[in-house]
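What follows are several structures.
Common to both upcoming complexes is chain A, partnered first by chain B, then by chain C.
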Partner chain A sequence: MMLPPGVKQSDFSSALAEFAKAVGGEWVFTSDEDLNLYRDAYSPFLHEAEERVASAAVAPASTEEVQQIVRTANRYGVPLYAISTGKNLGYGGSAPAMSGCVVVDLKRMNRIIEVNEANAFALVEPGVSYFDLYHHIRERKLKVWIDCPDPGWGSVVGNAIDRGGGYTSANYRNHFDSHCGMEVVLPNGELLRTGMGAIPNAKTWQQYKSGCGPWIDGIFSQSNFGIVTKMGFWLMPEPEAYLRCTVTVPRYNDLMPLVETLNYLENARITSGFPDLASPLNGYPPTGQVQLWNESGPPQQTPEHRRVLAGAKVGFSPELEAYGIKSGIPYWELWLSFHGPMEVIDAQWRAAQRRFSTIGGVKFRVVDRMSLPFDPSKTEDYHEPEFGIPSLRAFSIGARTPWNPTPSKGHMWFSPIIPRTGEAIIEANRVFAEAARDLGMPLFRSFAMPACFWERSFIFILATPVTEDPATNKQYRDGFQKLIEVGGQHGWGEYRTAPVFQKSVMDVYSFNNHALQRFHETLKDAIDPNGILSPGRYAIWPKHLRGSQS
Partner chain B sequence: MDRRAFCLGTASGIAAMAALGGSAVARSASDAVASPFATVVIDARFATGRAFGAAAARAGSSILTFHGDLTQMWVRQLKPLWASDGGPIAGLTTVAGLFCLEQLAKDHWLRMVARTPVGATREGPPFGGSEGLIASLAARRPIDTIRPRREPIPAAELVAWVIAKS
Partner chain C sequence: MNVRSFTAMLCVLTAPALAQAPTDPHAAGRAVYVKWCAPCHDPGITHPGTNALTVKYKGVKPGVLLEWKDLPASAVKVLVRHGISVMPQFRKTEISDSELDALAQYLSRNSPPG
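Up next, the complex of A and B:
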């Protein structure tokens, strides 16, 4: 049996016995076959000794059991690593940041404590998946939407704590931002409630976020300062109608006013749904249609189109632009969606068109205009998460195709945040495509478009494949680290990353001699002096492991 | 479709399934044997999957079908079954479909315990390698309940598998 670093066998055995006493022996896992379930299916160390693995796992069913586990871990110095459902593949999955940790698996804590339709909020435990919450709402015919990632199999709490995103309205797409109130087991086993929840018998825990005094919720996300055992979320009132439209423009430089106008419209809440950018001329799909393109392949290109595209640099050449204009293929395409009463969204679309009309050659198209809810049999016609419907459709592809080169072995997400401007899209393409080419990284085919999950920034979500070949994986890991550095040199940083890369990513956040990282460590030392909670998560190491592990 | 590869794969897969099921016995081609699996999952886009499902149905298994997107099958049928500890489940799906099911099975502390590559295939003539499987499983149910949809079928790596507690 693997031991946690620095823990004696006798202490580890005693801790496991006490865990079993707290949760029941059948919920403590130590066999290899059980622990295999906690390996990261997309580990960049596939088949290598450096893969991060657990020494044991324990699955509590209540907050009280979590508290007992944490207190026991403190007594014996056993490091824990909490997961909700462990489905954040590409960002670490259910494996610990440090080998030898005991995984605290929270998926038995799966109570939906409240869904309030009248004021559109929910309170859930970490084992509740998006599917669970969605079906709970549908079965009760409540008129609220969730916002879910794609695929939607993960934990509502876990995804928010990992700061994931979704596809509905800007108010809800940022899953951490849309939370309201937490319950947290601190590293000493004490129970804390944040925001209004700090008031005994609070009446507005899920209705006002910050309470009074310092608002500390953020320190429990992407961190190791506590185990979140309950979390509130604001939900989206079910809209009456839905309108989806495209705005297309013909020239390369039209990207700048296109993005600037989008920003105005979204920041002013004139458009409400997930905006989606594509480049038909560069052969790049909107985020919401990647699945469709993977299934069927992209639209066919003529030989002339392929020829001029091959000659383009950073997505541009005069020939490519001329070809697009001649052939009626837009350089850029923006998908907009609107939720609300039909008369309101029609008016919003008219206002949006007026704003975009300043761009020469702009064209508009209404793709869908319908009352909601739509016929469930038509669900497959849409990208389900844009309607708050969780899906597993991403796994419907079986084939390794030119459009889907890594269907099953996995990937590491490279996901830098960049400014929300057309200039930044072009600059990031130039910088990262150049670096990726030099590093032999298969990240960019021609030109990549960012996603619009966040309100005031763009994010690239680029899959670095995990292969069966350790040498190739090493090359890609090294390249990934280099891309992080290159991004940092340009003032860009990742929003989230797998444990393997968390140190490199946090090293980029180095203003004033790593003041932020030093503050994290000061906090860690103060509230977790034994260093038992998730050591190494986002490069926050307890004092006794600092330097040796990092 | 490589018929030999499938027959070999199927034979070892069925042996694994029989071993897991305990009561199943691989006998001569003419013998009918009850399926060790109460439930079998198939991706019905593929003739191979439909043939596998038909054979399992005749042997008494309940067949859960999906066509690429397994969301509804999992939500409505498989998830409740796993939640109620429905015993070992066999299947024939794409590798990607199996990967998804493996991850979902973890929610119930279930794991893949047997896996047999069936080869790459496209939609084509009726699957001809199922005789051994059909002979090994009892014929109890009509087979025409599993119909292909008329939609483009991708080339895919198919795999037969068993997911169980241990």
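Up next, the complex of A and C:
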């Protein structure tokens, strides 16, 4: 049996016995067979000694059991690592950030405590998946939408505290921003409620976010300062109607006013649905249609199109632009969606067209104009998460398809945040394409478009495959590290990353001699003096492991 | 035996006496399939597991898992606990051993014992 670093066998055995007393023996896992289930299925260190693996796992069913586990861990100095549903594949899965941790598997804490239709909020435990919450709402015919990421089996709580995103309206797409109130087991086992939840018998825990005094919720995301055991979320009232349209422009330099106008419209809330950018001329799909392309294949290009595309640099050549104009293939395509009463969204679309009409050659098209609720039997042609419907279609990425005869073993996401400008899209493509080519990385081979999950910024979400071949995985890991550094040199940073890259990513956030990292460590030492909670998560190490592990 | 599997067994043992309805021997396995497998393996192009199997077996076997006639229960258990390609393994907090037994029986219902 693997021991946690620095823990004696006798102490570890005593801790495991106390865990079993707290949760029941059948929910403490120590055999190799059981612990294999806690490996990161998409580990970039697959089959290598550096893969991060657990020494044991314990699965509590209640907040009180989590508290008992944490108190026991303190007594024996046993490091814990909390997971929710363990399905954030590509960002660490169910494995710890440091080998030897005991995984605290919160999947059994799967209660949907409340869904309030009248004021559109929910309170859930970390084992609740997007599928669970969606089905709960549908079975009760409640008129609220969830906002979900692509993989629907993820944890509503876990995705939010990993700061994931979704596809409906701007108010809800940022899952951490749309939370309201937390319950947290602190590293000493004490129970904390944030926001209005700090008032005994609180009446507005899920209705007013910040309470009074310092608003501390953020420190429990992408961190190791507590185990979140309940979390509230604001939900979107079911809209009456949906409108989806495209705005296309013909020239390379049209990207700049296209993005600038989008920003105005979104920041002014004239459009609030998921904006989606594509480049038909460069053969790059909108984010929401990647799965459709994986399933049915990308649009076919003529031999002439392929020829002029091959000669383009950073997505441009005069010949490519001329070919697009001649063939009626837009350089850039922006998908806009609107939710609300039909008369409102029709008016919003008219206002949007007026704003875009200053771009010469712009064209508009209404793709869908429908009353809601959405008929779930018609999902095939749609990206379900844009209607708050969870699915697993995104796993067409990497899976075997007619267009991908060689499936991968998984993927790691390279996901830098860049400014919301056309110039930044082009600059990021130039910088990353050059670096990826030099590193032999299968990213940015032609021209890539960013996603618009967040307001005010863009994000690239690019999958780097994990394979069965350690040498290839090493090449991609090394390349990934280098891309992080290159991004940092240009003032760009990742929004989230897998444990194996967390140190490299946090090293980019180095303003004033790593003041942010040092502040995290100050907090860690104060909140978790024994360093038992998720050591190494987002490169925050407890004092006794600082240096040796980091 | 955990509480959930004990409850499930209790239901199996007592349901016929209470309801006098015909029992579905695969109800428990089907429920596991619907919750955990269907989003990837149900029929149709929107299911990446079905697409992957269709391409892999090129008509020799169905792409739809529920149509397989040579899927031993033992193979189901190995695949669920080990994963394959981009399908991850499933933990016992997700699919318990008793639920996996039921799932394996359901998916192998048309296959010779093996």
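Here is the rule we use: the second predicted complex is superposed on the first by the 536 of 550 C-alpha atoms of A that agree within 3 Å, B and C clash if a C-alpha of one lies under 4 Å from a C-alpha of the other, contacts with A are read in each partner's own complex, and residues count from 1 in each chain.
Here, a residue touches a chain if its C-beta (ideal position, glycine included) is under 8 Å from a C-beta of that chain, and two chains touch if they have at least 3 such contacts.
Source: prediction; values computed, not measured.
Residue contacts after overlaying the shared chain place A:R39 against chain C, while chain B stays out of touching range. Once chain A of one complex is fitted onto chain A of the other, the partner contacts of A:R108 are limited to chain C, with no touch recorded for chain B. In the superposed model, A:K230 makes contact with neither chain B nor chain C. Within the superposed three-chain model, A:G24 lies in touch with chain C and out of touch with chain B [touch as defined at top]. Of the two partner chains placed by the overlay, neither chain B nor chain C lies in contact with A:R355. In the superposed three-chain model, the partner touching more residues of chain A is C, compared with the other of chain B and chain C. Comparing which residues of chain A touch chain B with which touch chain C, the overlap comprises 29, 33-34, 36-37, 41, 85-87, 89, 94, 107, 131, 153, 295-296, 380, 391-393, 395-401, 407-408. Of all the residues in chain A, the ones that touch chain B in their complex are 29, 33-34, 36-37, 41, 85-87, 89, 94, 107, 129, 131, 135, 151, 153, 295-296, 380, 390-393, 395-401, 407-408. Touching chain A in their complex are the following residues of chain B: 43, 68-71, 74-75, 79, 93-97, 99-100, 102-104, 106-107, 109, 111, 152, 154-158, 166.
Those residues of chain C whose C-beta lies close enough to touch chain A in the complex are 1-2, 35, 39-40, 44-49, 51-52, 55-56, 81-83, 85-94.
Note for the complex: chain A touches chain C at residues 24, 26-27, 29, 33-34, 36-39, 41-42, 57, 59, 85-87, 89, 93-94, 105, 107-108, 127, 131, 152-153, 294-296, 379-380, 391-393, 395-402, 405, 407-411.
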